[in-house]
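What follows is a set of structures to go through.
Here chain A shows up in two complexes: once beside chain B, once beside chain C.
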Partner chain A sequence: MTERAIMERVQARFGAEILSCYEFRGQCAITIRPAQLRPVLEWLRDEPGINTDWLMDVGGVDYLGFSPADGSGDDDREWRYEVVYQVYSMKLNHRFRVKVAVAEPDLVVPSVWDLWGIANWMEREVWDLYGIRFEGHPNLRRILCHDEFVGHALRKDYPINKRQKLTSPSENILCEKVEWA
Partner chain B sequence: MSEGTKVPAIPSELMTLNVGPAHPATHGTLRLQLQLDGETIVNSACEIGYLHRGFEKQCEAVYYQFVIPYAERLNYMGPVHNSNAWCFACETMLGIEAPPRAQALRVITSEMGRIIDHAVCIGTNLVDIGALTNFWYMYNYREKIYDLYEELCGARMMVNYPRIGGVSLDAPDGWFDKLLRVIDEMQEAVGEVRALVERNRIFMDRTIGAGVITRELAISHGVTGPCLRAAGIPYDIRKAQPYWGYDKYDFEVPTAEGGDTYDRTVVRFQEMYESCKIIRQAVASMPAGPVMVDDHLVALPEKDKVYNTMEGLINHFKLVMHGIKPPVGEIYSATEGGCGEVGFYIVSDGSAKPWRVRIRPPCFANYSTFPKIIQGAMVADAIAALGSINIIAGELDR
Partner chain C sequence: MGLENELEGMPVLATRLDEVINWGRKYALWPMPYGTACCAIEFMGVVSSRFDVSRFGAELVRFSPRQADLLLVMGTITQKMAPVLKQIYDQMPDPKWVVSMGACASSGGFYDNYSVVQGIDELVPVDVYVAGCPPRPENVIGAIVKIQEKISNESIRNWR
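The block that comes next holds the complex of A and B.
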């Protein structure tokens, strides 16, 4: 199925809850609010003909000061951050993209770590680099930056050349359950 | 011991063992903390980020074409693939396609990268479990492939070979013949290593059943590449969503059933053969023609034009100083790297610098299974499994 056909079916199902739809070079994406994330991802996974049973990637984007050079008006976002989920159906060989709009001051997105194990680390990374919290995540610690790091490195207002040194590594990194690690 | 005598319970407590960050078995800088009951792992956790150098942040500060050398440093074991993949992602963004000859050269350089990636992975994994000889065999041929890279573009490891819109240089005269000779030798060497390893009692005892990634775990964790195919899922982006004309080449996607360390090694061996096959076909069907697109907004003009015409000089200056400007938009581009799906998610605001570059590193997903697959195993199994997942810290930590 083409990504546009998937998008049309998602629109038919979730309609008003979709904030915006997007198509570029044959790739499609929808933007939704955090509350719809789990229903939409689960629906995409279980809906016959779509079956995006793989979560390939989770990443954040900071749109602070985003102003498209061509004046296409894509800068009228009311939210600063987006968390981007790339899903894939191995059986049907198609991809789709779901974006969650995250507005300040409430930077919270529901975690999907119980649906896909990969989300555990990927969400930790988004938390680490963008400061977006994932509700329900069992082990939301920094993953790429160290524990003493202050701020979130991939935010647009974090200076590119600022360095923070670690004084001493953490003694214990074990979790109560191995599933959380 | 007479009937009825009871051995008193020996009081014991759990021991915490740190492996890494600098440990010979981690091949890169990563830390693993194990909680042991005797020699059995009862709990574990991974700490990554020791090689975090802000790749994604850096990309936001430079022009698209300046990311190419950075991309190469993500997976330094099979380096050319990631820069090829980055250029491919930018081309998708721009809506252009590299000429057929450049695509075939990308296929060849990427497959050479895959071969040495697997060679190093197998070699070092075997060293970890006590078999040193294979390592020298494999490294010997890796050097020969580096020689070929050197002859192609002047650098051995970080070659900075592709460009957005094609590749930087055409192959020199006689290069393809040398390539085919090295590939033949490589294949022979792989056969010798296989003969030493595949039916080796010690190797089999050490690796069969060690570090099993089941199908369910693989799906849940987005495991791709040889680790996934060893679990029995024949997913390969070169087949599923072909790029660079991979659909023209006849090759198999090797799979195994068990998903353990042994299967991953076997799958890698077979993939090296398949890569040799692809390279031979690509050389045999090498199309003639240019290696860069004919588009003055993307490709640098020829030196002759730069030095002798005003238009050429302006064009060169504009591209170097002001960069390549894709339209406003966002794309996700996935290719099959040595360890699995290498994805670039790029958001463009229409300027010469990407607004956001997100790389989906295959190692990150593959390694996140690690605490689960070594649960209940021995420390020695964990070391064997660690090597077979092929963690490239440069890609893991970005």
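The block that comes next holds the complex of A and C.
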């Protein structure tokens, strides 16, 4: 199924709850509010004919100071952050993109780790680098930066030259007590 | 006249202690490979047949710092890993030497960002820096020869 066909079915199902849609060179994406995230992703995963059984990636975007001239869809966005979900159907070989608008000051998105287990680590990465919390995540702590790191490194207002030294090996590097939540 | 005359005819060779100990040390370097990036892939070429670092006596790669005297830092060192590198260095028995292989280990390379140490000399004393991204195996062998030259000029009196 083409991405446009998927988008048309998503629009038919969730129409009024979708903030915006756009298509660029055959790639389609929708933008929604956090409240609709779980229903939309669960529907994409389970709907016959769409069945996006693989969550390929979860990423964050910080639009601070973003110039709206690039025509990427939400030129007049009122929110600073977005979380982007890339889903793919291994059976049907098609993909789709869902963006979630995350407005300050809350920065909370529902976790989808129970829909796809891999979301566990991906959401930790977004939390680590952008400071967006995932409600319902079983183990939301940093995954890339060290434990003494303050702030979130990929935010646009993080100073580009600011480095933070780790004073001692953290326990979870040298002798990790792993709890696979 | 000297000791040599007394020992004439006996199966004994007289030399200076520094000479014989440095001779032993420089042709039996035991490297500890601290490989974190593509430089470590290049190091595989250094120890393999084409370049063959055993021609220089440094082929006995140890994966325990307790058994090594040459720390080869090959690759990007992140802030998160920095205390681990320091600990590995501290665990190596004296005398010990450090080679910083490649742009990342020497200066952070092009990772001028929040997560990468801008040169391992912030953490451990470095004897030889190797330029390159990654360096050729010949450069690494060149660094080992440099270390050997350095060892030749050392004295056991200066080590702790």
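In this text, the second predicted complex is superposed on the first by the 164 of 181 C-alpha atoms of A that agree within 3 Å, B and C clash if a C-alpha of one lies under 4 Å from a C-alpha of the other, contacts with A are read in each partner's own complex, and residues count from 1 in each chain.
The rule is short, and it goes like this: a residue touches a chain if its C-beta (ideal position, glycine included) is under 8 Å from a C-beta of that chain, and two chains touch if they have at least 3 such contacts.
Everything numeric here is computed off the predicted structure, so don't read it as measured data.
Of the two partner chains placed by superposition, chain B and chain C are both touched by A:145. Contacts of A:91 after superposition: neither chain B nor chain C is touched. Once the two complexes are laid over each other on the shared chain, residue contacts for A:153 go to chain B and to chain C alike. By the touch criterion defined above, A:61 reaches chain B but does not reach chain C.
Shared-chain residue A:168: touches chain C; no touch with chain B.
Touched by chain B in one complex and by chain C in the other are residues 144-146, 153, 158, 160, 169-170, 173-174 of chain A.
Residues 16, 21, 31, 33, 35, 43-49, 52, 54, 56-58, 60-61, 92-93, 95, 217, 219-222, 233, 235, 240-241, 325, 327-332, 334, 341, 343, 345, 347, 349-351, 355-356, 358, 360, 364-365, 368-369, 371-372, 375, 397-398 of chain B are the ones touching chain A in the complex.
Listing the residues of chain C that touch chain A in their complex gives 79-84, 87, 112-115, 118.
Only residues 22, 24-25, 27, 29, 53-57, 59, 61-62, 66-70, 72, 74, 84, 86, 90, 93, 95, 97, 116-118, 120-122, 129, 142-146, 153-154, 158, 160, 169-170, 172-175, 178-179, 181 of chain A touch chain B when the two sit together in their complex. The residues of chain A lying in touch with chain C in their complex are 144-146, 149, 153, 158, 160-170, 173-174.
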